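Pasting the structures in now, so scroll down.
Common to both upcoming complexes is chain A, partnered first by chain B, then by chain C.
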Partner chain A sequence: MSEPATDSSRAPFVRARSLEVRFAARAAIRARGRGEVLAVDGVSLAIERGETLGLVGESGCGKTTLARVLLGLLRPASGKVEIDGRDIFAMSRRELRRWRRDLQIVQQDPFGSLDPRWRIGAIVGEGLAIHRIGTSGERRQRVVETLQRCGLPAAALDRFPHEFSGGQRQRIGIARALALRPEFIIWDEPVSALDVSVQSQIIQLLLELKEEYGLTYLLIAHDLSIVERVCDRVAVMYLGRIVEAAGAERVFRRPVHPYTQALLASIPAGRPGRRRRGAAAGDVPSPLAPPPGCRYHPRCPLAMEVCRREPPALLDRSGHRVACHLAAGSPH
Partner chain B sequence: MSETGRPTPALNDSPLLRIRGLKTHFTGAEGTARAVDGLDLDVEEGKTVGLVGESGCGKTVAALSVLRLVPPPGRIAGGEVLFAGRDLLKLDEKAMRAVRGRRISMIFQEPMTSLNPVLTVGSQIAEALRLHLGLSRREARARSIDLLRRVRMPAPEMRAGEYPHQLSGGMRQRVMIAMALACGPSLLIADEPTTALDVTVQAQIIDLLLDLQEELGLSILFITHDLRLLAEIAGEIAVMYAARIVERGSAAEIIERPLHPYTRGLLACLPGRRGEGSEARDEQWAPSLAGAVPDPLRLPSGCRFHPRCPLAEERCRREDPPLRLSSSGRAVACHLAELETRDERAEEDER
Partner chain C sequence: MRILDLWPGIADYRRGRRARGVVLGALFLVLIAVAVWRHAVIGETLRTALARLVPGERPPLGVRDIDRIVSSLLVSGSIAAILASTAISAVRAGRRAPARRERESRWVLFGRQLLRNRLAATGLALLAALYLAAIICPLLTPYDPVSQGDMLAERLLPPSIAHPLGTDSFSRDVLSRILYGSRISLLVGLLAVGIAVSIGVIYGAVAGYCGGRVDGVMMRALDMLMAFPSIVIIITVMHLWRSYSIWLIIAVIGLLSWMGVARLVRGQFLVLKQKEFYQAAVALGAGPLRLIFLHLLPNASTPIIVSATLRVGNTILLEAGLSYLGLGVQSPTPSWGNIIYDNRNLIFSHWWIPFAAGLAIVLTVVAYNLLGDGLRDALDPRMQE
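And now, the complex of A and B:
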């Protein structure tokens, strides 16, 4: 996540440069003088081939919007997304289509993301059909193989989503993503709707698939204990901006940003005894009216005068990026 | 919070809530689903008891049975629910209405579905106060703002006049808690109250519940699938599997010395923290609970956990293990668990 990285000899696999995404507010809200939401505000990140980057933050901080930009589904107001050094928004339709085969997403809600009227075979094989890969017999074979690899019986092919449990539906969603043999998978809260026992099964599958197919992952999650176990590097987002990013070990062992510290303090330790306090107070402010200066300052126990006025820059110290006035003066 | 509606203190040796042999069945075209089937559970006055288990094991139906709010075609098929010494299952509907909300309140996972979208949150809290306590409109309004302040709602006067959709998820859950506490209940049933919330907000809501419990001497039955959370907040944990309690004990005992293979499986599913134990992260966190909760229409023979149990023997397939109690109050329903010896060893450790 070295930015700027003009000197790099080799481009990272996926790179986002200074992305901005704006959404126009609805008329009723515009009438109150608030024109737009800056959902992603100057986000830069890089993902190397074969690594897993964790993207964490509370609901509404722009994680999923960022994922949609990386997928090429949403055009940013400014900034670039490069895959192997090539700007996906400058690609021809045909090139973009080719790229989309390599990039898949597994969504959070295994109930909402599968069409209830389609059979599992059609759901998992849709991408293969769209990209006209193989004959229909070959496609069917690929679908069966993929389903089995994801822990589902071949007989699932002719059944409907409602016949499956939440965990099995998530496996169907994974099979759908995997059927095209992509290089990069975005996991958008893949287990937050599932029971703990099923969560651990799905995470295990995620780790196995990465090994077997040499995949690169972006894992979006608000459960930091899962991110800690699975990711090589972690980026923490708050109200559209990255506030801290570094190797997972660094972020979890020595978090620098007060927001990251608060997120970590919120994880139940799982040990008997009086719980530890010190989690973040208050709610995430409305992105329609983000606070001036550092966006975290209204919730920050350490906020100083400068935090209320000036947005802190995201400074890089030997690969550990932090956007905080307090951290700026001292070594991380 | 007034003292109105608080029950007379229970007899010394009987807990506030005592559930014995509770059975709640759903009968439909396919047969009878035994959602709760012989549940025993106690909640002592002023204590927090955690009820843990996977989805579909009957936790919510058990809670709804206590309030006699099981939706049809479900019906309570047997057992006792003793609350402050009275069997709630024997009360008439009018007496039961006086118990609900006033003496026992419940909060749910998704506050949006429990709040009326077309009424302001202040008026929804006030409604409970007028109905149960007979307050005037004006008194009820003042009290509802007090309650919102008590649950640490920012700007309570302003928020009372807002509609549910104008509030964040955390604020909505605060409103639900305010409503639940409106009539000074002695038991709060919290059914996954923080599962739908962000981690930071989750921590705030938990802290609030614990503070309120201390201030009001509330008893809490906390339902969740997150054992990590219960480790921190519950005095006692009851583990539910396939319609019954399979293990019960103090939170420390359950977390540190689980006896039932199901409890061990649930604990092993939790991701450990870095630097706490082995460094090998992928290897040590293998899924240890294969399979899924059985269909309540077709509960397995013998021990209901046997099809998923790595230790199952012939006897487990045939005989249903009873919930055995140790002298120290620990209980487990497993043929293979060594209840007393483990406990004796534990006592020696403490000495």
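And now, the complex of A and C:
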């Protein structure tokens, strides 16, 4: 599964081609060419059927925006999203809505993701009701099954979200995504708002569901230990661009991009008192005024003259894609 | 089961449904008091009404007669209905039917929260009393509010048992005029705000849901509308129409006061559209109607309800002001505003006449404001345990 997603006989399940998303810096006033943020800047990625791709990066780097584009919730300024070979933004509204059955999201905030005025049964069954699947009795049956599969009692059906803990709510959110029996689920930081003890339970559930239903995942996270445990491949994002992408094994064993190395160095595990080289210093620059050249150069300990001038291309070396002048210069 | 449980509401109260018990018990008490006090009037009215069902000669009914018949039927019918439901639930309780596991609805929780707030409960009780009085006022006073009495013997009488607030310069009972006048004020308040909220919610919902350019254009149009001083427009319209009908007043006030509601709804929608649960619903494939009516509006309902309640008070004040200026309801039809206006020269000699009408306005407005504040607290989901 960790083969490069180059053009083969079979197209990958999800494919994004040079996506760009711009936001006006002040939404109220239409920006006339000024004050624009390139939230996603020329991102291409491919996810094979049955695979889990991890998307890693600091907050504000465009991960969630990318997820919204992949779900068809946000129209990119340019670029394409193809699912099963079909461009979702070329579809009619109606067609897209039908397609949404297959693409679901589990969100980060278990408190904001459930409508406070709805009972759990209605929340989990909403997708079924929207797509008019089965009779109301069958829908109820499916909701109960899904809730139980996600580790919640059938009695949860008549309760309101505020009666549940964070972990339980996240299970409800998972049940809602799962009720439609989708093929592709985006997990947007599914555990970052939860207690550590609950985190591993949710991750366990995530792995089991994938096995059981043959799902394809995109896992957005900034906790690398979870990514390492779950993902087949990893893509690292920095300020709207993908800087490194490869099989999880390779990224974790032999990271090439200095930013990836810095991220890995920030994992607290390992021997105390010893940090790997190049832990990222300073803050992420403002996306309103991204630095020229390589966007990482102001923080990069290995920055060279060329890094300040030219943005590095994302080059593919036997399945390990890296956007760094260092890597381009020397075979790793 | 005790004998006391037969009084409506007490059994409910004891079973833990306190809000329901208190409301039912108090309402029943008031209705019984009115029925006992005016049993002669009610009895006679109902007898006349019954007699009309028998074929034969039927004298035409005036507006006042119909009014009296409706009030009498309402009072006696409500008493009968409350008694019947109490009896039924008493019998059910006696049979010890297994209690259905009650899932506490939001409304039960909400009612409990509202009544726990003393001020809000006071406002609610005051409003209930005012509206009840407005509906059954033919039973509360024997006098006609419009027709003039004996100009020599009954003119400008001071308060007495027969006329608790005295009579005015046309020998009409002031209490009757204030009671009948409440119908105008309360009706104007409710209907005008109803119109304003309906238009405002639709306009704001469209602007907020569509967003972007549509929203921009709609909001600029709204700004222009808001820039007109509404009192000037009202006065102009009234003059142009040469009509001071209550319906025209309601329509004009309603059509001029929806902008604030529209703004509120639009703002709420913009906030809610950013919420994760909304994004999740879109991801599930929800269409615009489902998104607006099942996700956005219910979550925006709290501020809408609160602001509508507060607006009713303002609207009543506005109507009173118009009537005071002579632009509203015209004499001899009584309204609180024109009672003050008609008796403004008596403010020193018969001060209680304008004072009582003014007090009625103040009470109503205060009651609506108390209720509005209480609703804001009770509808806040964080307040619910």
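Criterion: the second predicted complex is superposed on the first by the 308 of 332 C-alpha atoms of A that agree within 3 Å, B and C clash if a C-alpha of one lies under 4 Å from a C-alpha of the other, contacts with A are read in each partner's own complex, and residues count from 1 in each chain.
By definition in this document, a residue touches a chain if its C-beta (ideal position, glycine included) is under 8 Å from a C-beta of that chain, and two chains touch if they have at least 3 such contacts.
As the structure is a computational prediction, the values presented were derived from the model and not from experiment.
Student: Once the two structures are overlaid on chain A, check if chain B and chain C clash or fit side by side.
Tutor: Pair status: fit.
Student: More chain A residues touched by chain B or by chain C?
Tutor: B
Student: Rounding in steps of 10 degrees, give the angle chain B-chain A-chain C taken between C-alpha centres.
Tutor: 80
Student: Would you check which partner chain A:176 touches, where first means chain B only, second means chain C only, and both and neither mean what they say?
Tutor: second
Student: After lining up the shared chain so the two structures overlap, which partner does A:104 touch, if you call chain B first and chain C second: first, second, both or neither?
Tutor: second
Student: Should A:226 be classified as contacting the first partner (chain B), the second (chain C), both, or neither?
Tutor: A:226 contacts chain B only, not chain C.
Student: Which partner does A:113 reach: the first (chain B), the second (chain C), both, or neither?
Tutor: In the superposition, A:113 contacts chain C only.
Student: Quick check on the superposed pair: does A:131 touch chain B, chain C, both, or neither? Answer first, second, both or neither.
Tutor: Second partner only, chain C.
Student: For A:267, decide between first (touching chain B), second (touching chain C), both and neither.
Tutor: Once the two structures are laid over each other on A, A:267 reaches chain B alone.
Student: Who does A:68 touch here: chain B (first), chain C (second), both, or neither?
Tutor: second
Student: Nearest CA pair across chain B and chain C in the overlay: distance in Å?
Tutor: 11
Student: Both chain B and chain C contact which residues of chain A?
Tutor: On chain A, no residue contacts both chain B in one structure and chain C in the other.
Student: Which positions of chain A touch chain B when the two form their complex?
Tutor: On the chain A side, the touching residues are 58-59, 165-167, 195-201, 203-204, 207, 222-226, 228-230, 248-249, 252-253, 262-263, 265-275, 277, 279-284.
Student: Could you please specify the touching residues of chain C with respect to chain A in the complex?
Tutor: Of all residues in chain C, those touching chain A are 103, 106, 216, 275-277, 279-287, 290, 295, 298-299, 381, 384.
Student: So in the complex, which bits of chain B are touching chain A?
Tutor: 54-55, 154, 168-171, 198-204, 206-207, 210, 225-229, 231-233, 250-252, 255-256, 265-266, 268-275, 281-282, 285-290, 292
Student: Show me the residue ranges of chain A that touch chain C in the complex, using the header's touch definition.
Tutor: Listed in rising order, the residues are 30, 68, 71, 73, 97-98, 100-101, 103-105, 107-109, 112-117, 126-127, 130-131, 158, 162, 173, 176, 180.
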